[in-house]
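These are the structures in question, set out in turn.
In the two complexes below, chain A is the common chain; its partner is chain B in one and chain C in the other.
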Partner chain A sequence: MTQTQLKSAYGSAPLGVKPRKTVRQILKDNSGFLFILPAMLIFLVFGLYTVVYSFVLSFFRWNGFGQFSLLPPACEDPACAFVGLRNFQEFLYSNPTQSQFFWKAFENNIIIAVFVTVGTILIALPLAMALNRAVRGQSLYRTLMLLPMVTAGIAVYYSWTFIYQPNGVLNSILETIGLGSLQAKQGWLGQPNTALLALMIVMIWGAVPSAMILYLAGLQTIERELYEAAIIDGANAWHLLWRITWPLLRPITVIIVITSLNRALQEYEMVYLMTNGSPAGHTEVVGLQIFNYGFGDQRQLGMASAMSWMLFALAFIVALVNLRFFQAKED
Partner chain B sequence: MLTRKRFFVLAVALIVLSLSGGAMAQDPIELTMWTWKIFHVPGLEAIAANFEAETGIKVNVEAYNPDEVYRTKITTSAQSGDLPDILSFWSGGQWELAATDMLVELTDVVDESWQSEFLPGTFELQSVMTQSTYDFCQQDADCTYSNIEVGQVFSVPMLAGQAFFLFGNKQMIADAGFDPNVTPATAEEWMDMMLTIKETTGNAGLVTGVQNPAVLHFWLFNPLMITSCGVETYDAIWSGEDSFTNPCAMKVLEWFYAMSTNDLWMPGILQTNIDPADVAFSQEMAAFDLGGTYTLGFLIAQGMDPENIVSFAVPPLEGSVFPILEIAPAPLIDVMVTKNSEHPDEALQFLQYMTTPEQMSVFAKINGDLPAVKVSSDPEIVGSVMPGLLNAISDYSPFQESTAQQLQEPSSVLQLGLQQFITGEITPEELAPAIDEANTAAWEQLGS
Partner chain C sequence: MAKLRNFVPSTLFYYIVLTAYTIISIYPFLWMVSSALKPNREVLRNKSLIPNEIMFNVFVDTWNQLDFFKYFVNSAVISIAVVLGIIVVYSMAGYGFAKTKFWGRDLFFMAFLGLLLVPGVTVLIPLMQLLRALGFIGPDSTQFSTYAGLVIPMINGGGPFAIFFFRNFYNTLPGELRDAARVDGCSEWGIYLRIYLPLSAPVIATVGILNFIGSWNGFVWPSLVINNSDWFTLPLKLRDLDLQAVIQWNVRMAGSLITIVPVILLFIVLQRYYIRGLTAGATKG
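This part shows the complex of A and B:
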């Protein structure tokens, strides 16, 4: 069989020879890739590069002046020097003072993560269930509940700081209702036994609206027939919640738990603005230490990067354990 | 009628003419100066306006605030080569900039005549690389300016000042039965005053920016300790050759502890930072405010009557080596020319101009802040706040003799401990060995 015969028998290209594609065809075949190309480029330059940069930086001592770059590789002495794992070793164990401060801050992060996550769920779920019921003024309640989510963080933090002051609203209310003995004389953010709790209340207050929206969306997907059938079988309100609502909302709960844990472990903005780690380090968190190492007087950007990566690793482990826990429950 | 070709030729000719005209007429020189003190901008702009009137060179003053933002701005601009012509920076911090070749060297430029303009203890202690700073840097493997040699100069001081000043509310002091014009001679007397004021008027004793952990350490602990122990012992303790359990240091820790057990701090003190503390004092929430040369101007700006304020240096403890604390100005802000400047000669000219007594008097009158240059004490020239400040400072201070290097780790433990006195979580007997332990470990890590 000749080439011409082969062409006519199997289309335009001979056997073993791929048909030549036109530019239009190539663009059409790769349209999906082309659509995500701009986003990929932005991610590579502003996402991946910065992540790799901070990872490499965590093995260096650098005060931010002079040259430190990946492309082309540069580290200008004496402002910059390769130190290997020393940054990690120092705050983890080898420098007693530094490691003591780090682990205390991490402990605070864990306390915040656990209490804020549990508190958010315990408040958001009942609120979502209440809002899910058709009542008059439902849209007004929803709007009110969402206010914390749309209010600027800095305004919220300053408002709460004033509420918590020694002569603030909270102490005044306690005095007025005859519970003056419960007042925090140094202010709710100024006493070691109340400062972290006071911060966590603000965090929960800020986290509840988004969690509530997620739960509300989840509740609206649950078939009413399931509840009706259960009621016919004699289920009470507790059974309905525990046997139907809670299991069916588990995927939503997983999302809320992971985002809440992640936020709590990375928290720094609110602590910086409301307490700056006071009183006497009782509200110090790792994020604040990273900020102080990176941008404060010390200017140890390598140390700040090392701490950031350690925090990432710890957050990753926590998220993994959490996922496994929920998966096991599901199985 | 113009054809298309003639129109094109005419357009090209016009463009060429305009470009050559632009090149022939020299552009006026414009310089840029950066600061992080927004409060200083009016004073600096007044100097810049005078400079422009005399030289035709315009200086644009730009402020970036707060401190962290300013540092980051410098870091990123240094990477991209966009630093301004003139930079202001924390005195002593310029070495890190100079070490990475960011600054124009001024070693041979700041001659004796220019040096003589500065207040004693400013230029020669921080703007020149001294032997002791050099030695310490060489000893520390992590020192980031080990390539700077003794005697090198990259900046000149612009602003001086010192903490260690107490401001008292005369009315409150008088209400408690004291003569407000007689200041306490010792720290114990001062504490007794605060106790009496609290008992008779119900007002808190002291306010300052305790939320910032460095405030109690540098503004109150250090002056009490150096007067209590003397320079030699003070240096020996900080360098790990002596101990914080030394009675002279323990006395200071016990005094701090008594401040808390006597409940003399303003309520909510651990939540109070520097500016809010001054505001609280101006609102009569405490009898005394701990601050510095920069505080008085702020208090007056808050609406306090200067006649109702008495100021004095932190009084030493009874039996101290130094019975009074003499306060010499320390440089706070240095100014420098960056290598990114396209007009380094003009930038240097502005540096010389701004640090003349005449121009610094203009600045002092507007800002009420103490310049690092010898200025007149005539209120007509420097304003009403400055003469008082100039009278309160002297040429000598024990801190000038001290060569103590206060390492980060023991400082952190001390700062936390002083706050923990207020929360009642630690005692002086527990804190002193903890600082020693951190100090010894830190010096061992340095290999000394």
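This part shows the complex of A and C:
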């Protein structure tokens, strides 16, 4: 007799038939769901609903005025119409001004992704190695170096904007050290050739602390004996870095790269507060365009939603690549 | 040991590198302090960090003009509400995901984590429509309804990370803990409230500090939702401060300083937990 049959022989159900669970029993078995119920309600209303809404909205044309029903397709305003894929087509290729504007911004996102990621790693790794050695005063250095991350926000952007002014500190420092020719006469944020660079410096400044802390945590897990054994085998300092430290820190580098790419794709708050795309669109990024289509003077909510789904798709691809990367590592 | 030393630069070199970068790290803050103490005519001309003449009156004027306490309270109320909401809702959810069984548990968990992928800017428009439709914001909204509408999506935004964190922590606690309490007649809720929640104090600190700092510094979302200048947060008030033709940099810097000091103090006290939040997951392997 199998287990089930044995059970049913003593129960009320006929032989060979699984005993049916009572509703009461089902509720009891799933009572753990109550723990996630509040989270679930918030998720459904403010998470899932808004994501679906934005997806549906991306197929509509709407300037944001008039009543809008909770169910997106039923908009009651004449200015609102279903347009299919036209929003996507317009910003991707069919509308010359709009698509040129979009691709320029997208190009900036790519530039930011590459330079900020590489810059962050190139600065954070040596700093982490130095911090790992500096046993005395380590916590003081660490606290001070983490401040840029904690204070990200308008106050710090103001301070940087001031430093970047035409008659600001950066220009006068360059003058003092004899690099006056590098000065940005119209201010670092005001000149087309320096504005994006100036923003990326602030981004790197803000991203280095967390990367450094991650690298430091990674370095502290590497056994000293590994280095000693390598030295006995005749390795030099360069080998130690390239053959031991860098490969062993690879999982951490991957995390930093993924975080940095995601941030580069989504960044807009800082650009909005520091330049809002000026001069002449040279610091425009996709997130900022979405924001301005959504809340600026010329509102096109459908266009904004379409663009943001493009961004979502990219973030999704980055995440998939990330997942593949990690699985490959574990195998 | 002595051999390894030959291969790495001297300790002094490391300290020079660290000191140099530390100066870069804190330079904008030093510049803020120095500019806030300079008189109007000096602030644009004197590029030195040390003012020729220290004036506290700009600072005091800005303090009064910014109405620090009022907006400090606004910011604090919002940030504390976000942190409390996140801890209550997601410590429960984390416990549910880690220690109980129910239909669709893993599916729901993936759904929550999937939320991390959605760019913040994607849902701004639907959220505003939703808040308007539900009456949180609009012509006859109150400070309370506006703040509620502001805070709930922020709680939702902090959700995936918090769930992940609480769940992982509860998973590391031994199952015997739960069995023993069971035997003593403790209910599921009793186990969560009396045993697991108190044990998760370090996680509460980590999740709390990360979200507090995040919501304190936030600008765009509060600027969209709050439409009454009396209800502004400190960063919004700071932006409002200098909508004049000529920027008064010393006033701006003084206001900036006032805005970030609370966050810096909190960070210095709780930085151990903050760092734990950053490195969690990255160094487990």
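Annotations
Heads up, the rule we're going with is that the second predicted complex is superposed on the first by the 267 of 331 C-alpha atoms of A that agree within 3 Å, B and C clash if a C-alpha of one lies under 4 Å from a C-alpha of the other, contacts with A are read in each partner's own complex, and residues count from 1 in each chain.
What we mean here is this: a residue touches a chain if its C-beta (ideal position, glycine included) is under 8 Å from a C-beta of that chain, and two chains touch if they have at least 3 such contacts.
It should be emphasised that the depicted structure is a prediction, and the values quoted were computed from it without experimental measurement.
Look at A:Q98: by the touch rule set out above, it reaches chain B but stays clear of chain C. Chain A has more of its residues touched by C than by the other of chain B and chain C. With both structures placed on the common chain, the touch criterion links A:V23 to neither chain B nor chain C. Look at A:F295: by the touch rule set out above, it reaches both chain B and chain C. By the touch criterion defined above, A:R61 lies against chain B but remains apart from chain C after alignment on the C-alpha atoms of chain A. In the superposition on chain A, contact of A:E269 is made with chain C only, not with chain B. By the touch criterion stated above, A:P279 is placed in contact with chain B alone, chain C being left untouched. When the two structures are aligned on the shared chain, A:L146 is found in touch with chain C, with no touch to chain B.
Touch criterion not met for A:I177: it reaches neither chain B nor chain C.
Once the two complexes are overlaid on chain A, the chain A residues touched by chain B in the first and by chain C in the second are 167, 291, 295. The touching residues of chain A, counted against chain B in their complex, run 61, 63-67, 76-79, 81, 95-98, 101, 161, 165-167, 185-187, 189-192, 275-276, 278-282, 291, 295-296, 298-299.
The touching residues of chain A, when paired with chain C in their complex, are 29-36, 38-40, 42-43, 45-51, 53-54, 57, 68, 70, 123, 126-127, 129-131, 133-134, 137, 141-148, 150-156, 158-160, 162-163, 167, 169, 172-173, 205, 208-210, 213-214, 217-218, 221, 224, 227-228, 231-232, 236-237, 240, 251-252, 255, 265-266, 268-269, 272-273, 287, 290-291, 294-295, 301, 304-305, 308-309, 311-312, 315-316, 319. Listed in rising order, the residues of chain B touching chain A in the complex are 68, 71-72, 74-75, 78-79, 96-97, 99-102, 142-147, 210-212, 267-271, 273, 408-410, 412-413, 416, 419-420, 422-423, 425, 437-438, 441-442, 445.
Residues of chain C touching chain A in their complex: 1, 3-4, 7-8, 11, 14-15, 17-18, 21-22, 24-29, 31-32, 35, 44, 47, 88-90, 92-93, 95-97, 99-103, 105, 108, 111-112, 115, 117-127, 129-130, 133, 152-153, 155-156, 159, 163, 188, 192, 213, 216-220, 224, 235, 238-239, 249, 252-253, 255-257, 259-260, 263-264, 267-268, 271, 274-275, 278-279, 282-283, 285.
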